[in-house]
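Here chain A shows up in two complexes: once beside chain B, once beside chain C.
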Partner chain A sequence: MTADKDPVTGGVMPARGVSRRTRLDSWVDRYATRTHGMTASEIRALFAVASRPEVVSLAGGMPSIDGLPLASVADSVSRLLATRGASALQYGSGQGDPVLREQICTVMALEGIQAHPDDVVVTVGSQQGLDLVTRIFCDPGDTVVCEAPSYVGALGVFRAYESAVVHVEMDDAGLVPEALRHALASAAARRAPVKFVYSVPTYHNPAGVTLTAQRRTEVLDICAEFDVLLVEDNPYGLLGFTGEPMRAMRADESERVVYLGSFSKTFAPGLRVGWVLAPHAVREKLVLAQESATLCPPTMSQAVVSTYLAEHDWCGQIKAFRELYRERRDTMLAALTEHLPAPVRWTRPDGGFYVWVQLPEGLDAQAMLPRAVTARVAYVPGTAFYADGLGSRHLRLSYCYPTPERIREGVRRLAGVIAAEVELRETFGASLPPGAGAQHTYERPGPDQS
Partner chain B sequence: MTQAAATDQATSTAAARIVVLAGGLSHERDVSLQSGRRVGEALRRRGLDVQVLDVGVGLLDTLRNDPPDCVLPLLHGETGENGALREVLGLVGVPYVGSDPQACRLAFDKPVAKSLIARAGVRTPPWLALPAETFRELGAAAIMAAVLTRLGLPLVVKPARGGSALGCSVVRTEEELPAAMVACFAYDAVALVERMVAGTEVAVTVLADPEPRALPPVEIRPDSGVYDYAARYTAGATEFVVPAELSPTAAAACAEVAVTAHSTLGLRHLSRSDLLVDTDDHVWFLEVNVAPGMTETSLVPLALDAAGLDVGAVHAGLADDAILSADESLSQ
Partner chain C sequence: MTADKDPVTGGVMPARGVSRRTRLDSWVDRYATRTHGMTASEIRALFAVASRPEVVSLAGGMPSIDGLPLASVADSVSRLLATRGASALQYGSGQGDPVLREQICTVMALEGIQAHPDDVVVTVGSQQGLDLVTRIFCDPGDTVVCEAPSYVGALGVFRAYESAVVHVEMDDAGLVPEALRHALASAAARRAPVKFVYSVPTYHNPAGVTLTAQRRTEVLDICAEFDVLLVEDNPYGLLGFTGEPMRAMRADESERVVYLGSFSKTFAPGLRVGWVLAPHAVREKLVLAQESATLCPPTMSQAVVSTYLAEHDWCGQIKAFRELYRERRDTMLAALTEHLPAPVRWTRPDGGFYVWVQLPEGLDAQAMLPRAVTARVAYVPGTAFYADGLGSRHLRLSYCYPTPERIREGVRRLAGVIAAEVELRETFGASLPPGAGAQHTYERPGPDQS
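Coming up: the complex of A and B.
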């Protein structure tokens, strides 16, 4: 056999009459170690079906942007291109457009944050903001502390930077302060450097619960006690269903909190515009990191957001979104109450997009997903929200995108799926390993409410 | 179609416009979309007018209103492989590539296919087909004990109907069996429980042009030891050896078994048989696929390549043959 490589398949080219070996990837021995976990998965395959209209998808967190005044936005964008097209289509500042940064400060003021535009860095969605924050703080092996469960997109970023994730339990009032204290103390005892605590305190993704005002103070005090940074991810903060917006943690602590914001849920996710508000020294490094990552955040998208904020009643639009999502939340909770049997529990969010469901003991949401897809309903299994494979008894339901009729139908189908799974588990129950369905301490009490 | 028509030199003329069906609602939708994209591109490179369509409510109207010369179903899983879609294509009167509904029904149901092929004198691992309902009615513990007594360990548990190793588990201890059954029943109401045979895993493609002939066998060596979903669709996770490193006797036996499977079930055009060659060079039939994967990491394209055949040319030739067969049946 010769040592020549097949230029197409990456396999070793055979001599005549000799077998050819191939892995169908020319670069299989060149990838970084962190790439090795990037494999095809059955779960991703099943989600391909969820995108079909026949399936009621209660899985994705897509905002319902049907309510946007699209014709009016189109006029604004048209005028923008006609009058300022040359600059809107040109490279821009690495930190982001100064006018937009001023407007972002106005948006954040609704949550009690007093900020200066100089401390804002515009990013490609808040997802890139988290990526940049992790990039400048985390070496491989460094520890990040986050809630149990935590946002799946954040866990993906931490994995990409080879960070170690320590989960801390939540209950109905959000992150449990004493559990956080214990986790930070344990890390300190192990001399494991905790680079930051990552939290979605308001209308949590996926749990749907909100950190109470009293606990916000306690969590900030604990971070100060252990001299740890807090990353507050707040994409849903303005989408509450009761009263005024919850005061952001950054509103009460400017030096120890890095705040991530987004226009994806309040305007348009396709524009990919988010931001980071950070203390001065952190902000400087974020700008440099942003310049090396993208040169500058997309100028056209920034211009569209800026124009929207200047020319439209964006506060009124947010109120309309709140009403729309509140109706869908109510529909989902009513459908869950009507269709799901007593052992199933779920949270009752006061805002945001998600309900976190706990299945009866012994059930595994990931193992149940094929049955759900066959029944034409989709959800996200709880294991996606844990870095360590836990959460199998949970699933996340989204009410943000489907209409109320589809939500009712989806929950009805889900109830049938759960009932069939319960029956199957009962059939094999006595024979299943005793550990099946057992929960880690930080899955209990969990954010579930009855 | 002649063998020459399946080479790079020949360009199809009859099948000027082809609809490739890919996607659908089965658990293998994503794999099917990849297969459709690859074959669609391969046909376009040969100058054919190709439309890749998903299967949905409007499909039949589309086919009726603007009938293509031929349909190429690349739907994996339930509707695409159980004969249902082909039955409907027959009703609409559009020529299609591949096996007819009856043959699909026989091949897609693994226990049925194993029964028929065993009757034709081919070795297949001992098996039982067990519906979930049976466990409910008669009690799971007693049935599983009887299964273990009959088949022993290790076992393979897989959905009776399905592909891409979805819902498949290897059971090495008694304690693993219940969880494997539950995982399997998430995909299908009937489980195929099969004694696991140790040996070399081989896939043999049969191309009927028009006489069925076996292409070079492809040997599968997954890094993880199990050719599961990740090993199938992650480039680099499995090493393939083409032709498989088998004794001449075993290689010939593999070819014979694959052609026997193809013929016994009445399959047409293209099939892929999954086989095992044990240490005594005995060949064991596992299953046969009527719509085998055509993705970048699939087995049939490797076999075609080893035989000096082009994916686009072969499918164009098969489309020509489908059109010709449809014309002949109309004129009779």
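Coming up: the complex of A and C.
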């Protein structure tokens, strides 16, 4: 059984081309309209190749969980099953375990959030949180405003609910407030119903930038001015490389912010335990949506997380993760500086998993990907992070999973690929097909993220 | 923290009335149209009371998992985490673990199904399977045809996707083929797009009846005649009380049937591991929908199920469950015969969890529920199982969770409540408000399920 890695999650993808049955889809005229927007990425087949061990993948977003105290977690879980197995394996609350919801409030307190466990809904990873939030708010054609670029999984959800996505530019200080104001005013003028602003303000995926404290206030003020909800997606908030955790936007505004949290990066993604903290009335709708979607989130996973938080030094573990990722970030930035020539630019993340790279003018990251894979390095082309087909001059590199040694080697290979592309373009110039990589424009000049 | 039991799953419900904040919903004008259909059941508050230990709940659908070999499961899981924890806790495939999908095919083979693991998608319980199937097929206003009555969780999903539900009558032999033909012909005449027929053919929830082998063929033929997909929901198929497992409808038709399976009743619901077996092209859409909904189903839960199937006598455990539930079914039927007077009728299930009771004319199960709870017995009123408000003369009793002693006591209490209702009605007759319990009519005479 071939285990192909998903380009985004790094998870195992279904084997391709192994089915003996090649047939037309006899139900093709029966699908819902939303289903026509669900298409497998064109780069998926390529990533099947990229998952070979000789390829350095700087594409995946898998956390590096080898450092978890697995033997000790195994002991806790064993004791949990032996002593409370009948409840840990039984149906639970649609809202999630009350004890875990209290613990989640303790976790969020690290980011300055004061919350009541009643306002927390446990979800099947924060991906499902995003799905449920979009489900309760978005009719087809409704508008969601989000950063440019934006988390590919969020764009997939918005597409699945047939939402219209309006991208707003970012720079090194995160979402540009004036651009947000402009986008919301423009939507209001068009009478386009903006259901929420979706943002990853801290250690952005894929851009690697963080919204400054001052801008957080401005963004919240703008949301208030336009009476729009803000969805703060914060899976990386505790994985900063310097000082105290960044104060969450939800810490300063409880009635206008829906906060998405996750244990996928601070503990383990395979449990699929995330949460939504929402204003009370919204929370009630989310619970009803959760019951319809799954009856209840996995009880066993919740019990494992709850036990882990109660019995292990989870803060110490997060500190260990931070150090691990900081070393890898440092390695990647040093390798980029060493190997990549001046016209290439990149962001310098203070936390999280990703570096966002801008290629020299004329280069197209998606067109270049097959050559990169041939050179045994993989990344995610920037277009994946835009709903509008832009981003072709960008690519996302992740340093979360590969070892420092592999990171160095991967960047070295990537540099070779880029240099060859630049040379090709310099030699043949305008006779080459025009790169789709022309700089995009939003309502203000494009981002400068290097 | 009060732990209220959900009337349907038996799971813990969010505590009611404990929030100190009573406020209006400032986002009430922002929700999607679908969200207006998501309302908490009126009987929910009542069930908060019904969850008190002195009340015998014949309402919940919780499996009785006390009999699981928890110590030995704990050992397996501990070994799993200690030796393969880094992969069991990591992101996995959106389609589900390949090894588990092979094991699922082995499980389905017990019902005569020959399937390829490629065509299986693992879901967060079969509830999520239903959610994803509806998601990919149903636009708002599309029609789903299902039994009368039908699984309350399915009706919730159809409502969440704004589907129109057409109920088709059942009798003791399950769905009535002629009524199905009539309903499909009628929908075709109205040009209403029927996206699928949803059925629980085996040990029906809530009706407790099973579609006969001959009718299975007829129903499949009718679906072929009208070129409609059949969704076969089969969580109880291996929990029959006599002889070999019933042959699944999917065993005789692979291209027109989407099959939903679950480990919630044969192993443990708290893992939330179910699956969908679908025609190949449909499966591809389901995987994309799953990735959008959760990235991947819980890896850890899948590993636990996979390990359990590999290392434990799961067939022996299912046999033990069958014997346990058969004893409880026998107890309930004997108690019903002993305590309930002639005008009350009920079904006699050959497997599964439920008995469907028809009250004497003029009685209303929902109106009677507060008096039942006062008499310390709870059930689910029949209206929960109809999309159209009918079913008020019926109620569902479950024998899966309470001990035989509690079942006997619960039925005895229920009999007292019904007798008092009958007496009240005989004494005051027509001066009472008319019971909503008038027999409903579909396109043929109503069901006879006693």
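By definition in this document, the second predicted complex is superposed on the first by the 407 of 450 C-alpha atoms of A that agree within 3 Å, B and C clash if a C-alpha of one lies under 4 Å from a C-alpha of the other, contacts with A are read in each partner's own complex, and residues count from 1 in each chain.
The working rule: contacts are C-beta pairs under 8 Å (C-beta built on N, C-alpha and C of every residue); 3 or more make two chains touch, one makes a residue touch a chain.
From a predicted model like this one, the values you see are computed outputs, not experimental measurements.
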item	value
First (chain B), second (chain C), both or neither touched by A:P98	second
Touching partner for A:T427 - first (chain B), second (chain C), both, neither	first
Winner by number of chain A residues touched, once chain B and chain C are compared	C
Touched partner set for A:S292, first chain B, second chain C, both or neither	second
Contacts of A:D75 with chain B and chain C, given as first, second, both or neither	second
First, second, both or neither for A:E284, with chain B first and chain C second	second
Which of chain B and chain C A:D66 touches, first, second, both or neither	second
Doubly contacted residues of chain A, that is, touched by chain B and again by chain C	9, 11, 19, 21, 23-25, 28, 38-40
Contacting residues of chain A [partner chain B, same complex]	9, 11, 19-25, 28, 38-42, 44-46, 48-49, 52-55, 367-371, 373-374, 376, 421, 423-425, 427-428, 430-433, 436
Residues of chain C defined as touching chain A within the complex	1, 3, 6, 9-15, 18-19, 21, 23-28, 30-35, 38-40, 62-63, 65-66, 68, 70-71, 73-75, 77-82, 85-95, 97-99, 116, 118, 124-125, 127-128, 131, 135-139, 142, 153, 156-157, 159-161, 195, 229, 255, 264, 268-272, 279-282, 284-285, 287-289, 291-301, 303-304
Chain A-facing residues of chain B, complex	23, 25-31, 33, 56, 132, 135-136, 140-141, 144, 164, 166-167, 175, 177-179, 181-183, 185-187, 219, 229-230, 232-245, 296-297, 302, 305-306
